[in-house]
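The following blocks contain the structures, represented as C-alpha cells.
Both complexes below contain subunit A, partnered by subunit B and then by subunit C.
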Partner chain A sequence: MSDLIYLYGIVPNHPGQNECPAFKGLDQTHEVYTLSYGTLAAVVCTLDGGEYSEEALKEKSNQMEWVQEKAFHHHEALLTIREALPVVPMKFCTIYASRSSLTEMIESHKEKLVDLLARLEDKEEWNLKIYCDTAKLKEEAEAHNLTIQAKRDEIATMSPGRQYLEKRKLDQVADEEVEKEKDAFCTDFHEELKAFCEDSTVKDTWNKQVTGKDVEMCWNSAYLLATQDVEQFLATITKMKEQSSPSGWQIEATGPWPAYHFANLS
Partner chain B sequence: MSERNNYENKDIALIDILDTVLDKGVAIKGDILISIAGIDLVYLDLRVLISAVETLIQADENAAHSLSSEQFDSEKEELKHVTERS
Partner chain C sequence: MSIEHPTQTNSIVDVLETVLDKGVVIAGDIRVGLADVELLTIKIRLIVASVDKAKEIGMDWWETDPFLSSKAAEDNQQELEKENQDLQNRIEQLERLVEGNQIK
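Right, the complex of A and B next:
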C-alpha cells in the first residue's frame, strides 16, 4: 500500500521567515516536513498506508487510549508550529491518500487560506472557563437578595402548614435567582473581555461528570486577540479572579492556543 | 512579572485538548474519513477505563492481602479442625 500524508496545518511560505520546527510525526517514526505551495506551505508527515488505512484507523479510533495519545500529539505539534509561525490548524486526523489530492485541496482553498493566515498573524487564541460553587452562591443570594428577603418576611406571618409550602416555593425562587446571577456574571464578564478581542465564540459547558470537579462549569468561551492586547486582557481576568473568588467563582484562562476556534474556511 | 507568565504553559486538561482537536480546527475533507465518538464519550470512556484499571489494581491488592500465607494457614487449621471432628 502506498504512503499516506497526515496534514497538521497550513503555514505561510515567505523568504526569510522562521523555519518550521522539526519533530517526529504521528507515528513517532517519520519526520514532519513542509510542502511548498507558492506563498503557503503544508506541514505534514508520512504515514504507512497499511498501518493507517481507513479500516485500520476505524479500529484505532475506537481505542480511547489511542485517541488520547494521538490527539495530544496533534495538539502538541500545532503548539510547536504556532510558536514559530502563524498556522491554520487542521482537525485531528486529516489525512490524504496522495500528494496530488492534497495539492488539489490546497489549490481549491488557496485564497481563503491566504486570507486566514493574514488574519491570524500576530493574533492569539485564549480560552476561558468559569466555574461556580452553586451552594455558596445560593447562600449569598438568600442573605442579600431583596426579593427573597421580602418573601421570607411574608412567610413568617403565615400558619405553620402554609409556611412549609411557601418555604419550598421560596427555595425555587432562590434557585432561579442564582441561575440569573450566574448568567449575568458570565455574560457581563464576557462582554468586558470582548472589548479587547477581534473575535470570540461561546461554547457548550460540560457537566461535572466530564470535568471531574466539585464546582459547576457555567461558562466556556474562546477569544481571538492581537498579541499586543494579551497583557491587558489577562490583567482584566486576574483582577476579576481576585474580586470574585470570595463569592465562589473560579475563573480559568488558558493559552495561547493554535486558533482552532477561529480558523474557518466556510 | 508579566501577566502572560502567570497563564502560559499551565497544565491543560485532557478534555480541553480533546474538545478542541476533535471538534474544532479546519475541517477540510481528507481522503481518509474516520469518525470519532463525541468528545464527552471519548473522555468519559477514558475515565471509565482509568477507574476500571484502578479498581482492578485495588482488587488485586485486596486479593493478595486476603490470601496471605498467614490467613491461608489459619484457614487450613480451621478446616482440619472441622474435618477431624466429623
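Right, the complex of A and C next:
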C-alpha cells in the first residue's frame, strides 16, 4: 500500500526565515519535513499506508491510550513549530492519500492561507478558563446581595407557614442571583481582556466530569493578541485572580498556544 | 500567578478540546471517525487519573521493573557492576591469603 502524508500545519516559506524544527513524526519513525509551495510550506510526515489506513485508524481511534498519545504528539509538534515560525495548525489526524491531493488542497486555499499567516505573525493565542465555587458564591450572595436581603426582611414579617414557602422561594432567588453574578463577572472580565486583543472567541464550558475539578467551569474563551501586549494581558489576569480568589473564583490562563481558534479558513 | 504551560497533564481538557475540535478543518483524504470530544476527554482523563491513583497507592512496580523501565534496568546494571567488583576484591584477598599460607 502506498504511503500517506500527515499534515501538521502550514508555515511561511521565505528566504532567510527560521528553519522548521526537526523531530520524529506521528509514528515515531519517519522524520518530519516540509514541502514547498511558493511562499508557503506544508509541515508533514510520511505514514505507512497499511498501518494508517481508514480501517486501521478506525481501530486505533477506539483505543484511548493511542488517542491520548497521538493527540498530544500533534499538539507538541505544533508547539515546537510555533516556536520557530507562525503556523496555521491543522486538526488532529489530517491525512492525505497522495502528494497531489495535498497540493490540490493547498493550491485551492492558497490566498487565504497566505493572509492567515500574515495575520498570525507575532501573535499569540492564550486561553482563559474561569471556575467558581458555587456554594461559596451563594453564601456571599445571601450575606451581601441587596435583592436577597430585602426579600429576607420581608419574610421576617410573615406568618410561620408563609415563611416556610417564601424561604424556599428565596432559595431559588438566591440561585438566580448567583447565576447572574457569574455571568456578569465573566463577561465583564472578558470585555476588559478583549481590549488588549486582536480577536477573541467564547467557547463552550465543560462539566465537572470532563474537567475533573470539584469547582464548576463557568467561562471558557480564547484570545489572539500581539506578543508585545501579552505581558499586560497577563498582568491584568494576575490582578483579577488575586482580587477574586477570596470570593471563590479560580482563573486559569494557558498559553501561548498555536492559533487553533483563530486560523479559520471558511 | 502561575501561567500553565499547555503541555502539562493538568490541561488535558485544553489540549484535547483544541486539537480534536479546533484547528483548521480542511479535512484530509482519510476519514478518522473520532468520538465526540467531551466523551474522549472523559475517557482519557479516567486513564490518566487511574495511572496517578496507581502511583499513589504504590502500584508503580513497573517503574522499577527492568523489563518495563529502562531507568530501572540502568539502576539494576549499576548495582550488579558494584556487586561484581566487591566479589572480585574479596577473591583477590582470599587468593593472597592462600598464597601466603602455601609459602609457609
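The criterion applied here is as follows: the second predicted complex is superposed on the first by the 266 of 266 C-alpha atoms of A that agree within 3 Å, B and C clash if a C-alpha of one lies under 4 Å from a C-alpha of the other, contacts with A are read in each partner's own complex, and residues count from 1 in each chain.
By our rule, a contact is a pair of C-beta atoms (placed from the backbone, for glycine too) under 8 Å apart; a residue touches a chain by one contact, two chains touch by 3 or more.
The structure displayed is predicted, hence computed values, not measured ones.
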Simultaneous placement of subunit C and subunit B on subunit A, clash or fit: clash
First (subunit B), second (subunit C), both or neither touched by A:231: first
Partner chain(s) touched by A:28 [first = subunit B, second = subunit C, both, neither]: neither
First (subunit B), second (subunit C), both or neither touched by A:149: neither
Subunit B versus subunit C as contact partner of A:243, first or second or both or neither: neither
Which of subunit B and subunit C A:17 touches, first, second, both or neither: neither
First, second, both or neither for A:206, with subunit B first and subunit C second: both
Overlap of subunit C and subunit B interfaces on subunit A (superposed complexes): 4, 7, 9, 52-54, 57-58, 61, 64-65, 67-68, 71-72, 74-75, 88-98, 101, 105, 109, 127, 203, 206, 209-212, 234, 237-238, 253-255, 257, 260-261, 263-265
In the complex, subunit B residues that touch subunit A: 2-4, 6-8, 10, 12-36, 40, 42-47, 49
Subunit A contact footprint on subunit C (complex, rising order): 1, 3-7, 11-35, 38, 40-45, 47-49
Of subunit A, residues touching subunit C in the complex: 4, 7, 9, 52-54, 57-58, 61, 64-65, 67-68, 71-72, 74-76, 79, 88-98, 101, 105, 109, 127, 129, 203, 206, 209-212, 234, 237-238, 241-242, 251-255, 257, 260-261, 263-265
List of subunit A residues in touch with subunit B within their complex: 4, 7, 9, 52-54, 57-58, 61, 64-65, 67-68, 71-72, 74-75, 78, 88-98, 101, 105, 109, 127, 203, 206, 209-212, 230-231, 234-235, 237-238, 253-258, 260-261, 263-265
